[in-house]
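So that we are looking at the same thing, I have put the structure below in structure tokens.
Here the chain labels run A, B, C, D, E and F in written order, and each chain numbers its own residues starting at 1.
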Amino acid sequence: MIDPIILFFLLGLGAALLRSELRLPAVIYDFLSIVLLLSIGLKGGIELSKQPFGALLPQILAVTAMGFLLPLVAFPVLHRLGRFKRADSASIAAHYGSVSVGTYAVAVAYLGNRNIAFEEHLPLLLVVLEVPAILVGIVLARGFSRQMRWGEVTHEVFLGKGIVLLIGGLLIGWIAGPQGVASIEPLFFDLFKGVLALFLLEMGILTAAQVGSLRKYGLFLLGFGIAMPLFSAVVGVVLGWLLGLSVGGTAMLGILAASASYIAVPAAMRISVPEANPTLSLTAALGITFPFNVLVGIPLYYAFAVQAHSFFGG
Amino acid sequence: MIDPIILFFLLGLGAALLRSELRLPAVIYDFLSIVLLLSIGLKGGIELSKQPFGALLPQILAVTAMGFLLPLVAFPVLHRLGRFKRADSASIAAHYGSVSVGTYAVAVAYLGNRNIAFEEHLPLLLVVLEVPAILVGIVLARGFSRQMRWGEVTHEVFLGKGIVLLIGGLLIGWIAGPQGVASIEPLFFDLFKGVLALFLLEMGILTAAQVGSLRKYGLFLLGFGIAMPLFSAVVGVVLGWLLGLSVGGTAMLGILAASASYIAVPAAMRISVPEANPTLSLTAALGITFPFNVLVGIPLYYAFAVQAHSFFGG
Amino acid sequence: MIDPIILFFLLGLGAALLRSELRLPAVIYDFLSIVLLLSIGLKGGIELSKQPFGALLPQILAVTAMGFLLPLVAFPVLHRLGRFKRADSASIAAHYGSVSVGTYAVAVAYLGNRNIAFEEHLPLLLVVLEVPAILVGIVLARGFSRQMRWGEVTHEVFLGKGIVLLIGGLLIGWIAGPQGVASIEPLFFDLFKGVLALFLLEMGILTAAQVGSLRKYGLFLLGFGIAMPLFSAVVGVVLGWLLGLSVGGTAMLGILAASASYIAVPAAMRISVPEANPTLSLTAALGITFPFNVLVGIPLYYAFAVQAHSFFGG
Amino acid sequence: MVTHARKLLTIITEAALEGVLVRDIERLGAHGYTITDARGKGRRGVRSAGWDASSNIRIEILCDQETASEIAAHCRKKYYDNYAMTLFLVDVGVMRPEKF
Amino acid sequence: MVTHARKLLTIITEAALEGVLVRDIERLGAHGYTITDARGKGRRGVRSAGWDASSNIRIEILCDQETASEIAAHCRKKYYDNYAMTLFLVDVGVMRPEKF
Amino acid sequence: MVTHARKLLTIITEAALEGVLVRDIERLGAHGYTITDARGKGRRGVRSAGWDASSNIRIEILCDQETASEIAAHCRKKYYDNYAMTLFLVDVGVMRPEKF
């Protein structure tokens, strides 16, 4: 059975490709993302309130390391093989090292539909994964120049809308706990999938807008946009297995690794690495990798996780 | 007992007539319509997934025929009796041949309150009724000129926001089926009447804005705006009875026939029949017929349906 | 246990003070206030439909008197002690004589969390309290000049968005009654706290924007912004006790008295007393009194009410 | 293309004034106006359009020199002192002079 | 600073025209355009932007005199009679003349 | 009505630049600015304002010739090459010259 939220994505994509005038107002898109980010944060925070934070530290460190590693793998591929300019390679690498909240949300729905449990603190790992790749991307583009205003960069990265809402939601969920949050559940949890459906409708429209540039940038980008998430998913799945996550959690870490940012990173790169062409990275992350992950990747990465657990043993 | 959604309409109307500064932001109105259109489509699609499509074909054809017929009746009345210009007559006729989703939604609430069942595939008939009148309107205004860019017209008509969302919702509901859609029900079904209430609040405000022009265009338009839906309702009710619909379904078809479009048709006419004065048709459809249908018509047309069924026999 | 909605307020405040780019689009803020105002009105109206209106008349009159009295107390303090200009003193006094719907909503959540009942017709008293202070403020600034266009003022006051929605909600709830409103409860009641949470997120951001001016206008304003609500709360609590309200209702009247308007009054003052500096009154009402009431005041005023009832006897 | 000289008067001010200002403008002889929502900064500080109270509007009025002067003078007298307000005039060419 | 003289053509019209107008403009040789949402009043009455049908847009086109004339003439011929539409031209200075 | 000659510098650029640009503008001596949201098309393609990444803003700065030149030069140097950006200058008349 195909999840209706995927159908909403296809509806948006199809309508836009047929040049329908359908669009969601930008402020509504904004509003829907705010609700999604807070929901995900709250969910994670509630779970954090139930377990000792210390126990998560190893996972946090390991995932941070992965966040530093992935863009370092992607960069030479883009720069050498793809012959992209240094700045462009760095920026694209940063997008792929970071994560996509939309993809995560679709994965939550996917596992939820199949009653596959996963560690509820994954939103925390999502937050953790947002940041390192951005720093790596900046350093790859600029070097460790003294001219870099690191204060500004840190501000840009940690106080961007996405991270503030995720961390804010986490903290609120953590402090208020399950009972506290109960009163706001009808908005943030019961409507979650409906909100996600509308969000994906607009994502489909935005994805269609990248198709034009896709043709322009050619096959290498297309290949990269599919191969890179596959590679990252394997890394994420293996790491998840090593960390002792459940099958669901392992799949989730694979999905996070495979996803490419199109909110936090584009904004940060635009300011910190201005000479990188944003069309290039958005075409890859939004035009190729997002639909690939949503339509094909998520079930695939879940299969990876099942394999890993049955092969290596739970 | 008066339905609160009607009271929301009256609140908007009253506030605007008293020149209160109350208005809903345009993007919110947009958002509410998107949710309503998708909800209605989804509801219909779920039902379609339960029954063979072929069985509906006769109804679809008959209703399409009605969609072609009604504007052909309205046109000479407007042109000859009302002495409206050709383009204006054609445009108004197209509005009345097509349907109003807002009116449909109010009717759903009305029948729902009274636990009156109706065929759940009515949203499909709603979609079917949107289109023919637009084509008739264009031909009435332009003739079958070779200059008409029919490609453009078709694009305009079938890819307008309203139809894309209705058909999109239908398809999603159809493919995903009742279980699939369950996860998005809290947004699209549970909130339906609340969203409709806010939508009608703004409809009241928009209706009030037509009252000025109402005074200008005089009695004929007022008479037409009431007589035409009465006539159409009778046609719709008789057709519903002939098609063997239930009492509720018969009433619904009467209501659809009686309603006048103020979303899809105005947009299409503005581009395809530019010389038609949009104030004229909006005054009639939105300033007269919409409130008439919502306040008086719906119960009346339901009574027609009851009569038809008890007179001719179920 | 701290209520999560307060945490949302603190999140907005903190993010804005750290100069995060997080903001809610203005139209979304608008939309959330519309829903809140209607919800509060509907709740009150439903309750009105259950009891004879006449019985409430004494309370309405007493509360109206309080609405006239409070700004008359505030004005000389501001003008003499604070050395504010006449217009500024009048305007600030009007803000404090009127009420804040946001504060009321937080109080509803506070009492709800603790299962403390209060008279359900309090939204009616809220509406009643909105108006008198505005009139007093205008007269204090202008005198009873014949030049005043009282027609315009009345229009401004009674047809402002806030009052229309509150009164509209009241009337709809009253006419439709509990069964009628049931169908729109999922939007207006179930989502209430979630909507309030998002609303408070933006209130936090708006509050932070006042901090700059706070520094400029100094200590007197800070002191007034805390002392005045404390004084008003005592007046409100005593009045509530005199009127025979329950402990919850008494606390609520104290909270209403203590709250300072930042929607209806600023709009009215801007037009009717243009020479008053709006930064001054917003700094006090939004930058000082709102956070004070939300974080400290509400529990305190509730304690006042408990004291009053146990001291004087229920 | 023949164009006729007219004035474009632009007023940037608080959103709260929209209603009264529009009435004033029409009374003073303008045949039309165009409004867009705006935010900004000036001598009265930042107006960031986060909510009604801090929103600006930008009103454009195409008219003849005389009407422009009158509207500008009126705004100056009635609103300058108490409201955030900025005005400026530009020379423009229009095609249908009778309209403005 | 050296600036080069160009024209700024501003078209205020119904939002429904956005799609077709943009195509026309590009076909007639403009290298770019900027659109903002607007509301207003003119000979066709108040257009208050409460919903799609009453919304305006404000299109600005930086171009040379010739292109401006052509676009203006085209709009006049094709849209003036049937749509709410206002046009005006302003002399502007730009820094990179090759762009427009 | 006596008006004084000033310049209106209009910058159309990516919404992502709003924060830094506003700081630059103030540092370079402008006393105020007005911002509206926009969409458009230029050499960097269509920017349709469907979401943050494709949104434009339109910044207007009333100032004297010198400040306008400085801001324009600064923008040219710092942003032109890497951002969607269009600038133009118009001669305007203002009533209170001391303000700008």
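Just so it is clear, a residue touches a chain if its C-beta (ideal position, glycine included) is under 8 Å from a C-beta of that chain, and two chains touch if they have at least 3 such contacts.
Keep in mind that this is a model prediction, so the values were computed, not measured.
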Response to the item:
Going from chain B to chain F via touching chains takes a minimum number of steps equal to 2
Item to complete: Could you tell me which chains make contact with chain B and chain E both?
Response: none
Discussion item. Under the over-half criterion for shared residue numbers, do copies chain D and chain E use the same patch or different patches to meet?
Written reply: different
Fill in: Relative to chain C, chain with the most remote C-alpha centre
E
Worksheet item: Considering B-C alongside A-F, which chain pair is linked by more C-beta pairs in contact?
Response: B-C
Worksheet entry | Length of the line joining the C-alpha centres of chain D and chain F, rounded to whole Å | 19
Item to complete: Round to the nearest whole Å and give the separation of the Cα centres of chain C and chain E.
Response: 46
Discussion item. Quick check: how many Å separate the C-alpha centres of chain C and chain F?
Written reply: 40
Response to the item:
Within chain E, the set of residues that touch 2 or more other chains is 36-37, 90-91
Worksheet entry | Multi-chain contact sites of chain A, meaning residues that touch two or more partners | 21, 27, 30, 186, 191
Fill in: Chain-to-chain touches, reported pairwise for every pair that qualifies
A-B, A-C, A-F, B-C, B-E, C-D, D-E, D-F, E-F
Worksheet entry | Footprint of chain E on chain B - complex, ascending | 23, 26, 29-30, 202, 205-206, 209, 262, 266-267, 270-271, 274-275, 278-279, 282
Worksheet entry | chain B residues within the chain A interface of the complex | 27, 30-31, 34-35, 155, 159-161, 164-165, 168, 171-173, 175-177, 179-181, 183-188, 191
Item to complete: Provide the residue numbers of chain F that touch chain A in the complex, in ascending order.
Response: 14, 16, 20, 45, 48-55, 79, 81-83
Worksheet item: Can you name the residues of chain D that touch chain E in the complex?
Response: 1, 3, 6, 8, 22, 26, 31-37, 62, 90-95, 99
Worksheet item: Hey, which residues of chain E end up touching chain D in the complex?
Response: 12, 36-43, 56, 58, 68-69, 72-73, 76, 86-91
